[in-house]
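Got a structure for you, written out below as structure tokens; questions coming shortly.
Chain lettering (A, B, C, D and E) follows the sequence in which the chains are written, and residue indices restart at 1 in each chain.
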């Protein structure tokens, strides 16, 4: 059916054409609405109480569902058609199709001022917006770095890590415990946290990195769970589920300050860390190591036959990702001033992964957008209160369906050579 | 021998670079290699031929560390290398990347390029084991790193030129025609600065014209880089005119060895492999 | 039997086929030769519906194949030995062959064909229980050809069947091609690099360059054609 | 474009509106797997607000309930807290989990927001004295744990007690307090102290272990879903010993899910006098408004809403000091009794008792 | 010894719960190599459908066994429909997308379905009627095994055997295996790949529904979030046994169940999951394709 759409009869009068399309979409949407209403009927309409043996019928829900799904289905089909068309068009276009926007983004004359402006806005942000806005932005920035870190592991080296949050926990507990027991300050622990992250990355990575694909995924997921469970159960060490509170915020020459000031300060720290991370990842990506990762993703056997030490390259990616996660863990502990194992669940790993994939694997801008979207969307959806997570889940599906490569398609720097000049 | 264009005689070409003694390889009950002895000497082109399923690719896999042979000794004699070991290095079961680092680089029967990297980048991967920038170097990108990167690009491009792919340097590997992909694999292997080049059916999927070009290319490369070549190939025209010596394998055993002429007249080889009216 | 009319096909933005016209008669063996990257494989893919043509039409026994999904094309009696062999790696040799006969229901016929295939390639019988993925390159090629034969197609598309095979086997393969063509009247569309052999086996031939058909003639004439000699026969 | 939208969302209009409106924040898990503990408090707040609004509001201001989800996660709790602070909300019910509460409290404290939790039982929240702005309508781990331990050892005279918890901050906090109380009391022995995996389908292994340990009592810290699974499976494995648990189990849903197996189970909880009119009304209102039984911590949340609104009414404004003073001094009738708050923020006047399931109902034993 | 046997049977019944869910998981994974995070949600929806049917029929006063049968049937039908629809919406458009895209879409779907049930029904735990009648002869061994345990063990074994036969010997089963290994070539031998994938989802979801109803009846309560943990455990079991292997899923489930049971019994239930996951890691290090999984035939 979809294939038939592409071959269109050019002689048709455009109005007729539109009408025909609309009619077809309406028909499709009607079918979909009937199907979805049928599907949701029992769960939307019936509520039972098996103890009191009563049944409540809520027929109105069916009506809402029918109307709602009709509207949604109509939008779905319209969007689907656009998606298929644009894919067909993409096929038609010339070499390395770049959209107008992407083209602009590739031009340094436009990107430089844009970046400068972005930076300016970023720097000025806390002065114009409320504590809340700054606070959630700090959260989002933390996830930007987490996303960039996981992007090294998953996006660059192709190692699916579903337990990434374990390293985040390592960082957070490193700071929390050192601060709690020895009153070490944020700045002292920050590098220590990074070291711990790298250490754990290597420790966990070593035995498992020879596993392939999804087997690696489940083992990392397992490691993530193990670390959380240990933190939960080993109360003598980690204070268990009740967590560690009153963690010090980052010190500022011994000045004491309010929550609002602290958030602003945190914001600037994060801004700097984000810039640093972007710089580091960009450099790595365009280096000998980045190339090896890329090759590793494509064909491991060929890689090894060409003299690349697979284990070493993977370990590097794994522990670099871990280092960044641990670094963020330290920041996180300092920001919330309280941590417990509830922050380090599998869902958190899944969200960070979603940031990377939704944003566009391998793309720095994509990861930033992904982090902002996934972290800020639930916040801005607060107005929808109970429907918030429903909409959130649906958004994730929709973005993936309509932008399977992520919001920003990764454009890696392709090594090219001026053939004429060199030859 | 008219076919031997370099005039380099197999017998006195130099010392051995690879010596394989008594190597066997079992897959479950299947004995894919059985007491194989093969020698390759400096500067030689040695061909390994035999019916399908004889064990030729398996032999390559054993030499390059992809499989560990069940029995036997494989010894390599790298011409340089940091600790120069004239008496050879035992390489059974050595990790594949170390074998490559030692100086034995291969191509694959089923092409294994990095499809979404450009031709140039594919060759640059070959340079990986001859360069050393670490994480810190990559992030700081000091002058040393930049020099190394430049050198990688230059050398890689040079390799592409050697195999005649300079025009296609910026194409993605997946978009290259089949023949170009085969040559790209050779360039990538050359970039690792090997002393022994292992080619697994390089002419498969090429028409006679292209095969001829390929042959010339191998000859040039052998001259220029002073490499030895071990070659698996079913195109007899190419094998006979290119190689100094030939090993014939059947059911995992070497059934015949000698100069192309000797081998092509061996009745056993004719029966098992070439067929009676061998005009191929 | 098969007719390609004004086919244009694309990979993304690369045009692989330009206005290709090919006609195959019932019971014919035709061959398509051309340099690497000429578009031979793509031609076969458009016939099977794996690369739908952007313009033009494929007619099979008078019916259009446009918009017909690949599995339905197979159901109509077209079968392909694809480039790269595409063996099911975790199925045994036997199971791979069974998959070839996926659409058939005549148990007895399948059995005889199986015996016939094992007769053609005894090594496959030896390797019957081995996983397809662990076969040697040549064995896989034999398996791919056998698998296609198991489908008993009306039209058999062969993409470089001689690739990676020993000289002895290559001769055998071309003999088999002629044999199944004459015995079961299977129409054959042969894509080959080994132009010499292919032109000897086939009735008519097409030459493709850069996605265009540049020559079309009977095989004898093509074998005698100077340009063909120079470019494809290596003479 | 993002930045502009934020600017629009940034609402100075809210302040103007706040003059006529009293916003009551309700923070807690309202989505995710712990939603069932947080959503009842939203309902409770809505019902109390409705009641006040019907009477003309608090000091003439209509009460508006503003739910804030934190999924019981510390970082989301800080986001929720800063959101409420940014919206100039002065009184908040929440948070549900102790961890989230601990993360959020510094922010409220800094902004002088009065916070009252219906369910955060971590002892240190009030007893540390760190948070003068924090109150709660539920008794804390130490008290609950002591009460349960005392009951088991002194009243039931049980000697070998297996203390089990669900690894959560609520359950484990309770269990640890109880364990300490038993060990300090010396009348009985803790033969086992272990956490089970919440959400598990099968607890037979731990039950066999309890059996093997020869325990004569299970003291469970956690919520009703796990509790009902454990008692059911205990009975299936013919382990019929006393089961003593906490407020999270003293919930009608427990009796429903555990059915006959619930019979005889003890749970501690605030004493609800049979003739507590507010309690009855709260239940009836919920049934009327939402058509269902209220869930966990509903009474405590209802009480918190009443206490907060009452304090604002008595204080005459939302001024922090006045509200706090009113909370410490003014008694208010709630489903959990007639309460005011002590110097540390814990509810006074909640009499604490032990209940037992008899004939499908919790009845007072002590 | 008695203690050991108790733990053994406890692990057996727990493991067969995991196995029952893992069977559907492993099927879907086997065909499209997608870690289907929404599988747990289909299981949960199956349980809810069972609850609704049981609730309605109980008010009508039907006998328990017929309620169980009808609840199973309706729940299988509906869950299959859900599975089918989820595949059409969230996975099918992503067939040619990068590998991780459907994974994220699956996570999104899982969040969506959880919240849909939470809003349409209730966030609370709901008591699930005891649909599985107690068999009198089981009383003697009730210390080890209950009737519902027996039911679940039997069901997973029957399903395992049926599925193994289905995959091995039926046309559709063959088509599934071919599709799993090489989608393009499967088309070229005449397999309707879309249909095969749909059928796979339908079967996988039906199994989830059977699991949902039986396990809910065994445990006695459900809520919207039960699918998540079940999904993780089933995934772990499937990997442990070797993804794509039907007997592997059952074995993996049982091994996981035993690991947890014995860890609780002899060490501490605090760390039961830690041991389960450690076991997973150790097994995968020594058998990188799981207990019964075949190392993908790879030749270079």
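To be clear about the criterion, a residue touches a chain if its C-beta (ideal position, glycine included) is under 8 Å from a C-beta of that chain, and two chains touch if they have at least 3 such contacts.
Just so it is clear, the structure is predicted and the values come from calculations on it, not from any experiment.
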Shared interface partners, meaning chains that touch chain B and chain D: A, E
Chain nearest the overall C-alpha centroid of the shown protein atoms: A
Chain pair with the greatest number of C-beta contact pairs: A-E
Centroid comparison with chain E (C-alpha atoms), farthest chain: B
Rounded Å distance between chain B and chain E, as computed from the means of their C-alpha atoms: 49
Chain A and chain C: spacing of chain centres that average the CA atoms, whole Å: 46
Rounded Å distance, chain A centre to chain E centre (Cα mean): 28
Interchain centroid distance [CA atoms averaged], chain A/chain D, Å: 34
Per-residue overlap in chain D, given as positions that touch at least 2 other chains: 31-32, 39, 167, 195, 256, 259
Per-residue overlap in chain A, given as positions that touch at least 2 other chains: 51, 233, 301, 305, 386, 389
Sites on chain C at which at least two other chains make contact: 134-136
Chain D-facing residues of chain A, complex: 51, 56, 121, 128-133, 135-136, 139, 232-233, 235, 240-243, 245-246, 258-260, 263, 332, 335-340, 342-343, 347, 372, 379-380, 382, 385-386, 388-389
Residues of chain E touching chain B in the complex: 299-300
Contacting residues of chain B [partner chain A, same complex]: 64, 66, 95-97, 100-101, 105-106, 108, 112-118, 120-121, 124-126, 128-131, 133-135, 137-139, 141, 145, 148-149, 152-154, 157, 161, 166-167, 169-170, 188-189, 192
Parts of chain D lying in touch with chain A, wherever the complex brings them together: 2-3, 6-7, 9-10, 30-32, 39, 67-69, 72-75, 78-79, 82-83, 85-87, 97-100, 102-103, 106-107, 110-111, 122, 124, 130, 167-169, 172-173, 176, 195, 256, 259, 291
Complex interface listing, chain D residues touching chain E: 31-33, 35-36, 39, 167, 194-197, 199-202, 204-206, 208-209, 211-212, 224-225, 228-229, 232, 236-238, 253, 256-259, 292, 295
